[in-house]
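Sharing a structure here in structure tokens format.
Just so it is clear, A, B, C and D label the chains in written order, and each chain counts residues from 1 on its own.
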Amino acid sequence: MGILEVKNVNKRFGGLQALGDVNLSVAENTVHAIIGPNGAGKSTLLNCLVGKLIPDTGSVMFAGQSVLGRKPYEINQMGISRVFQTPEIFGDLSVMENMMIPLLAKRDGSFRMHAIESLEDERELRAEAEKMLDEVNMLDKQDMHSASMSRGDKRRLEMAMCLIQRPKLLLLDEPTAGMARADTNNTIDLLKEIKEKRDITMCIIEHDMHVVFSLADRITVLAQGTPLVEDTPENIKGHPKVKEAYLGEAA
Amino acid sequence: MDQIIVQVLNGLDKGSAYALIALGLTLIFGTLGVVNFAHGALFMLGAFCAVIFSRILSLSHEIVDETRTDFLGNPMKIDVPYMHDIFGPELGASIIDWAVPLSILFSIPIMVGIGFAMERGLIKHFYKRPHADQILVTFGLAIVLQEIIKAFFGANPIQTPAPEAFTGSFDFGVLLGFDPLTIMYPYWRLVYFAFAALIIGAVFAFLQFTTFGMVVRAGMADRETVGLLGIDIDRRFTLMFAIAACVAGLAGVMYAPIVAPNYHMGMDFLVLSFVVVVVGGMGSLPGAVFAGFLLGILESFASMPAVVQLLPGINQIVIYLVAIIILLTRPRGLMGRKGVMEE
Amino acid sequence: MLGIKGKDLSVFILVAVLALLAPFLLNPFPVDSAMAQFNAGYPDLMQRFVIFGIFAIGFNILFGLTGYLSFGHAAFLGVGSYAAIWMMKLVSLNIVPGIIMAIVFAGLFSVLVGYISLRRSGIYFSILTLAFAQMSYALAYSVLTPITGGETGLQIKPGDTPLLSNVAEGEIGRANFFGLEMSDSSVITLGGWEFTMNVGYYVCAVVMIAAFYLAIRIFRSPFGMMLRAVKSNQQRMNYTGLNSKPYTLAAFVISGMYAGLAGGLMVAMDTQVGPERMFWTASGEVVLMTILGGAGTLIGPVLGAGFIKYMENIVSKINSTVLHEWFAFLPDGMEDFLVTIFYPFVGKGWHLTLGLMFMAVVIFLPGGLVQGGQKIAAMFRGKKAAEKDGKTANQQTPAE
Amino acid sequence: MSRQNLTRRGVLKTGAAAGAGLALPTYLSAAGHEGFTNAPSGDTVTLGFNVPLTNAYAEEGADELRALELAVEHLNGGGDGGMLQTFSSKALDGTGILGKKVEYVTGDTQTKSDAARASARSMIEKDGAVMITGGSSSGVAVAVQALCQEAGIIFMAGLTHSNDTTGKDRKANGFRHFFNSYMSGAALAPILVDQYGADRKAYHLTADYNWGYTTEEAMASSTEALGWETVNSVKTPLTQTDFSAYIAPVLNSGADVLVLNHYGGNMVNSLTNAVQFGLREAEANGKKFEVVVPLYSELMARGAGQNIAGILGSQNWDWKLENQLGARYSGTNAFVQSFGEKYGFPPSQAAHTCYVQTLLYADAVTRAGSFAPCAVVEALEGFEFDGLGNGPTLYRADDHQCFKDVVVVRGKENPENEFDLVEIVEVTPTEQVTYAPDHPQFAGGALGTCNNGA
């Protein structure tokens, strides 16, 4: 039984069948990649996992609990964090503040009126944030205005923000999209390092096969809203159905 | 039944004014992304174009009539318009009589000029600035414009009557088979409705069937991409602003005979036109027009004696109440596009 | 000190000192000099400065932090005012219960309005709040006349005998703070100068200092940071496990209560309420105050409030006679010339000056008076410092 | 010049409070001991002219201010003296008030009660005004009157027509020279019956605020007493500019008279709309349809232009009174002359009432020999005077309302210029418009006691 169990999920947008009978099982402490050509339903699936979309039928269970009908913040509180295709950070805030917010969310829950306490007094959280920033090599940037950083730094900050919540499951939506090769490699290294250091399950949606094959323990191939194959990276390489799906797209 | 028809007519009439103002406002919102609090002032300036033009036409010279005296006992001075001298008393008088329709011609270049000057001189520097700054600067401009008008024309309303030919009412009921004199509707209000329909149609046709309009519509949808195509979108947007100013101005010109213009008439319409635009949905031209007519008609119905007696005060709040209901049931107004002015 | 430090502490001390010394600072000109026209150190205006300061500080907690632009905040001020005057008419002439009820009622009303309006964002939210405020105004002016007094509003009348206060027959009750009447003043005369120390003003000033202190605490609290996060990126916030709705609602209610406090104080200082306080222009005014001073800055809204109220109360009172007095030392021709030039901008032309000021501030001092002031200060720090600033700024914004 | 800003009682109490912890040094200037607010100590006295300078009534405010400046000029012995020559009381001699030169400050009411109070308070607290006058709406008048009562200042109301000002909101320190809704009704009703017949059905459109309510009540009850029937009455929002939705149903309602209980911009617009919808040419119940505007304002009539032709209404005063109806209304010409000489056009009734109020105040102070509000109140209560343009007039002690003739006017068909828009139809004598102080339309108020602020 995996930590994330997707069963018979269907989603239609008007006349378009975006997801058809998707079944997916992500085992704990693995890296599971979901690949597929454009329009295969990868993003729709992801949005169903985090509460942005509600499937028409089927079930999504996380650690034994259904996530369906829950709001994104509730799902996050269950232990799922998400990294976006373009880094979503608090641009108006400093790097340190960006780190404090997920920590507060983890500690105080989805809402708390701590209006009189001073942020200065949160020494423990600050120390924890510094540790995490150090881990992603951003400690020297903690007072920077985060909107003014490079895209690579923003990506690292976003990941740090997700990781500091110690999620059980980290969802990554094309984490290297639009990155230069060097940055991509850095990101791969960072993810590998994270995987080594802590118990975490990752679910990656990715186009870049280099990233997928460097990281994934298992791969699911989606095509036209349905899973085509699910297997280890070695077996996926050269799988005829996969080739057909991608080539079909190219044609 | 006859009362309902009358109120529908009233609603259409009010609605045409709302729709015309909202149309310009939403064009500016949609194309330039600017919150223009001076839009009401443009409407007011339009109405004053009619006032100014009729003043120009009635420019007079004095002759002294020794046989009569004024209130202080001095000989009476009588004004004779130059128009009477130039065209003779009869033609002169009828030219003056037709001042309001004639001032449409006069106001178009003026309003376009004002719009052009506003956009180039002020608004264009605020495209990248926060909405808060846009509100402050355009609100400041609106105050300045209306104070200038007040300095020249005073605070009282100034009657600007429609031509003699359009005074009186049209017996609308007879057309529909009612008894004569049951549904009477003033000619000028019918003219206003027709005029509004014409302008709205012209703006839509312009945006729909010209390449210019196509570019502008594309720009409304995605400004950056259009910019990337190497199209000089800024220049088109300047013209768009001028057109929006002109639409507001023309709405004002023709409105002058309906409600005597005064310097703060723009502020009276400003809030209402924002409500109309938002209820219609941000970035949607048909939405603005539709919402204008809808709110106009609802306001008219809510003013019916029977309705007011049933729900006292409903006539005071109907527009806002409807706005709340619509915005709660339809998140982006009637026809709003996603992501426009939602941050 | 007091849980705030550094720059915040100096700003707080500055505001406190300015507020407490206002009767002196605002009367810089001797009473009999021609410039006395510009003195603002009389109780009514000083009270208005701080009351609108409170209003704007509260508004800034919502707008400055979360970015939600409410166009109906005057409604809460009005509700607070009506609650306070009814308390004074019925319960006690002591201002404390009145002000408490003002805050409570404004709070309750803002829960209702906020809960509904916050279902939408951006301009849709603004229009919803505007709609609520306009409905409140229209109803208070007409249908609700039995409760609100309609156009003429509510005042304390000779027949009003509050439960807990003794009012002599035929006397009109006066607002007091445990026996200290709001209208009590004492005047200090120093040479040609006169300074009025008014009880009501000091009550307002102390409340304002407390309100300002609270605002600083909120700004620097985790809650305040969450509000800024709402403004910055709601999507990220939701995916970080935070529910942005209660945060924005809390901010909305807090700022509504600030407005109620301001409304209650207005009644405490001047025992009357009129429905115009809830008209959209009144809501617009607090928006303008906040933007003019600098939204999101601590002291900006207070400056903005002072600026607008000063224009309204001082510039509008300058008439042609006063102008002639000013320029009387000049030769006649010059005098008339200058009077003619200045006349359109003062007295009945004060709106014109206000409009020009709005434009000037936003054009030349983007970001409001506070940021403008900082820029000017930076200019004076010399070219070298400026270059250095520029360099660090460049470092902070590397190209992508 | 005195700028004593506080009440005597206030000072004493603060003295005690100072001991109790505020520790404020208290130095009092000599004037504080006269025993009333803002007692003038030097050789000048300051009056506060609180008029609308902005918003809808700015023109009326400007005209009031002109008249007030003229009054100051006359009180100080300048110009031709205006009504000082015709005023029945000869106490004023052109040397200011009690030998003190009259100075004035001006402020903007914005026609909002809050702004008007702020402006009035600044006049009291900063400028040391002993009397406040001006204003062009009843909401403002009631608010400022209440303030003056609290502060111990005399309030001489400007243009305010609601019954409430000297009815349920009357105050001992406040005085109204202008007439009111009841008087309009009482003056108009007989003439309406006379002109249009007793068998009429009236439809009221009423501005939805206090003044509208009292005017509607007065018009309805006065006309009903003489046989008219009120078919319907509809409230219109103050902020309304287009009245088409309210006007359109009138013609088929069974009514044959439309009463527009509107003032200012509302009146201009509703009347304009009524004319647009052809009500002036229409017939109903076999009679010619008529429109009535209970309260006329010349300035607004100018805004309504041709539309007022033939429409009946009432006025407090008109600049043609003396010329047309003789010496009973003496003072009119004197005022019109000096106003016209100075400004080039005749004064409005708003200007007239403010001018007269200022003179009446100055006269009362002179006769009382003191600026103390209670002395002024005593001098004005029950004061009978003449020669101020309205004929013999009484300032009734019970409610501080002036009783005098009411002018019924009609819009001219062919006005010769923009200042001569109405013609006088008749003058209703005082007796017909006098009512008991406890008349139901004025019930619920009490003057209270005069307040010296000390």
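The definition used in the following text is that a contact is a pair of C-beta atoms (placed from the backbone, for glycine too) under 8 Å apart; a residue touches a chain by one contact, two chains touch by 3 or more.
Everything numeric here is computed off the predicted structure, so don't read it as measured data.
Distance from per-chain Cα centroids to the pooled protein Cα centroid is smallest for C.
We define each chain's centre as the mean of its Cα atoms; on that basis chain A and chain D are separated by 74 Å. Separating the centre of chain A from that of chain C, both taken as means of CA atoms, is a distance of 46 Å.
Chain B and chain D have Cα centroids lying 36 Å from one another. Taking each chain's centre as the mean of its C-alpha atoms, chain C lies 33 Å from chain D. Looking at chain B, one finds that residues 312, 316 touch two or more other chains.
Annotation for chain D: residues 54, 58, 62, 208, 235, 237, 239 touch two or more other chains. Among the residues of chain C, those in touch with two or more other chains are 138, 141-143, 351. Touching chain pairs in this entry, ordered by label, are A-C, B-C, B-D, C-D. By the touch criterion stated above, chain C contacts chain A in their complex at residues 3-5, 217-218, 220-226, 228-229, 231-233, 235-243, 246-247, 250, 254, 396-398, 400.
Taken together, the chain C residues at the contact with chain B in this complex read 63, 67, 69, 116, 119-124, 126-128, 130-132, 134-135, 138-139, 141-143, 280-281, 284, 287-288, 291-292, 295, 344, 349, 351-352, 354-359, 361-363, 366.
On the side of chain C, the complex with chain D involves touching residues 31-32, 39, 42-45, 48, 138, 141-143, 145, 150-153, 155, 157-159, 170-172, 174, 180-181, 183-189, 194, 196-197, 199, 202, 266, 270-272, 274, 276-277, 312-313, 316-317, 319, 321, 347-348, 350-351. Contact residues on chain D toward chain B in their complex (touch as defined above): 54-59, 62, 208, 232, 234-237, 239, 241-242, 244-246, 248-249, 251-253, 265, 268-269, 272-273, 276-278, 281-282, 299-300, 302-307, 319-320, 336-337, 340-341, 346, 416-417, 419-420. The part of chain B that touches chain C in the complex is made up of residues 35, 122, 125, 129, 131-133, 135-137, 139-144, 146-148, 151, 267, 271, 274-275, 278-279, 282, 312-313, 316-317, 320-321, 323-324, 327-328, 331-333, 341-343.
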